[in-house]
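First chain written, first letter: the chains are A, B, C and D, and each begins at residue 1.
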Amino acid sequence: MTRFSTPNPDFAARVRDSFARQRFMTMLGAELGKVRAGHCEIALAYRPDLSQQHGYFHGGVIGTLADNAGGYAAFTLAPADTSILTVEYKLNIVAPGDGTRLIARGQVAKLGRTLVVARVDVVVEKDGHEKPCAIALTTLMLMAGKSDGPA
Amino acid sequence: MTRFSTPNPDFAARVRDSFARQRFMTMLGAELGKVRAGHCEIALAYRPDLSQQHGYFHGGVIGTLADNAGGYAAFTLAPADTSILTVEYKLNIVAPGDGTRLIARGQVAKLGRTLVVARVDVVVEKDGHEKPCAIALTTLMLMAGKSDGPA
Amino acid sequence: MTRFSTPNPDFAARVRDSFARQRFMTMLGAELGKVRAGHCEIALAYRPDLSQQHGYFHGGVIGTLADNAGGYAAFTLAPADTSILTVEYKLNIVAPGDGTRLIARGQVAKLGRTLVVARVDVVVEKDGHEKPCAIALTTLMLMAGKSDGPA
Amino acid sequence: MTRFSTPNPDFAARVRDSFARQRFMTMLGAELGKVRAGHCEIALAYRPDLSQQHGYFHGGVIGTLADNAGGYAAFTLAPADTSILTVEYKLNIVAPGDGTRLIARGQVAKLGRTLVVARVDVVVEKDGHEKPCAIALTTLMLMAGKSDGPA
């Protein structure tokens, strides 16, 4: 796993502050886990209103967590005046979201001057075990001088 | 636009029934729009609890709608005993979700024996105009003999 | 289909010049077809040395054509001092490359300030008919001030 | 790294045999490297006729190697009567292919009953050092009863 140094020593506080302002995260009951330079973990507990027609975690919830874990992994490496934008992501759902807890772990794979590529693994916890649920590859863009808050 | 014939004349009722059982759709306030053979539209109105840190529609909401519109577009072409699984999707977010309403339109591009490929366009409505917001390309799998309901 | 205006009236000559300098295109026997603002077509004839183990066009040849058709579609919309870089692409191979000629048609779907998104359809000709072979969605980057030639 | 057991003890010979029948690989001068259960490496040396307009490895060559390394990684885990098909792949080009040798390493991330997901890292060698060049995420399909040779 590549190690990264970050230009912003306060990156973890900045990620937590930004995450707290994402009202959709609050609504889903998502929580930030480990936040390190180049890495971010997000988890959420199962609730019936997050389910698809078979009663499992909805694919949209899985994708949301993956997108966000990749985005915040990139955000940890951004200068203090720079915000992050999702350019695109690709997500393979490799098993149904059948469990009590979903955890997405984003890891920066390549830090460029303008673009960042991150890999994300999403697992689902059931009976105390983690099982792979989804794998994503995402592209983020560093937006220098753009605030992370509302315009 | 390719036209498709479907082996299930009741496809629209089947899509509406399945959609109604996706509790996450209800929670988001999403509504089915046009449902035709090979095509499905899903929309939802803006609410602050669906937002990211700038106050726009969260990328996860955009991705959820895209994934589902592609999935139900494929579902319209499935035999009555066959359910649909998202294998993977790729989503480009081409503009912020800045508006009052999000609409995802899924269209089957290729129907195979086991796999279906669909394109999805997501637009955001603002001041009465539609603006492109995201573009997706998704792969779905036909699961013969698998029920669309809980196990 | 969205219509685009281009800041470079000589875009077609510029695309042809750049294409002619891609030695891999020459080696594959690829030829530029229609070049319009936001659109580019590339084709090549079957040769046994472009095949995979079943004797069809190799997936790598299909991907190469798709990548290039998307890239040159974007290039038609670039200012005269700007070159183009493939950021990423996603390609669905929807049928084997079984035929005598492969044609890739790239079309810009979204032109941003820094990034361009293009869709590409690849068809294979057999017995005078075109059959869908692959579908791609690609992200390109506009590199202002970067030459399109060797450093 | 997940370890896999394969149902075909002769997987390495089978991969080498299939690879040798891909005429496009011969034409590119590509060579198989390590072949283990769930893993496959393919490399090729620089030649001017594999280049794009800046003289670097063409993106199509990078994509071809990535697609093939993922496909053969999956093939190592296939039963002896089963062949492999690329469903789709997504490739991020993270740096120009500026070097003397390109190496793609495919690793199966998830083996399902019908579908296999593989990650691929492509590096470029220059002055004795490896530098990341591309990252891919690919979906393959196991085709039971389908020969790996010409119909």
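What we mean here is this: contacts are C-beta pairs under 8 Å (C-beta built on N, C-alpha and C of every residue); 3 or more make two chains touch, one makes a residue touch a chain.
As the structure is a prediction and not an experimental result, all values here were calculated from the model.
> Can you tell me which chain lies farthest from chain A, using the average of the Cα atoms as each chain's centre?
Max centre-to-centre separation from chain A belongs to C.
> Quick one: compare the interface residues of chain C with those of chain D and tell me same or different, with half as the dividing line.
Chain C vs chain D: same; shared/all numbers exceeds half.
> If you average the Cα atoms of chain A and of chain D to get two centres, how far apart are those centres in Å?
28
> Quick one: report the Å distance separating chain A from chain B, using the average Cα coordinate of each chain.
Using C-alpha averages as centres, the distance is 22 Å.
> Would you mind pulling out the distance in Å between where the CA atoms of chain B average out and where those of chain D do?
So the centroids are 32 Å from each other.
> Tell me, which residues of chain B touch at least two other chains?
Within chain B, residues 87-88, 90, 92, 139 contact more than one other chain.
> Could you list, by residue number, the parts of chain C that touch chain A in their complex?
On the chain C side, the touching residues are 87-88, 90, 114-115, 139, 141.
> Hey, which residues of chain A end up touching chain B in the complex?
Residues in contact with chain B: 18, 21-24, 26-27, 48-55, 58-61, 63-65, 67-68, 71, 85-93, 148-151.
> If you look only at chain A, which of its residues touch chain D in the complex?
90, 92, 94-95, 109-110, 112, 117, 119, 132, 135-137, 139
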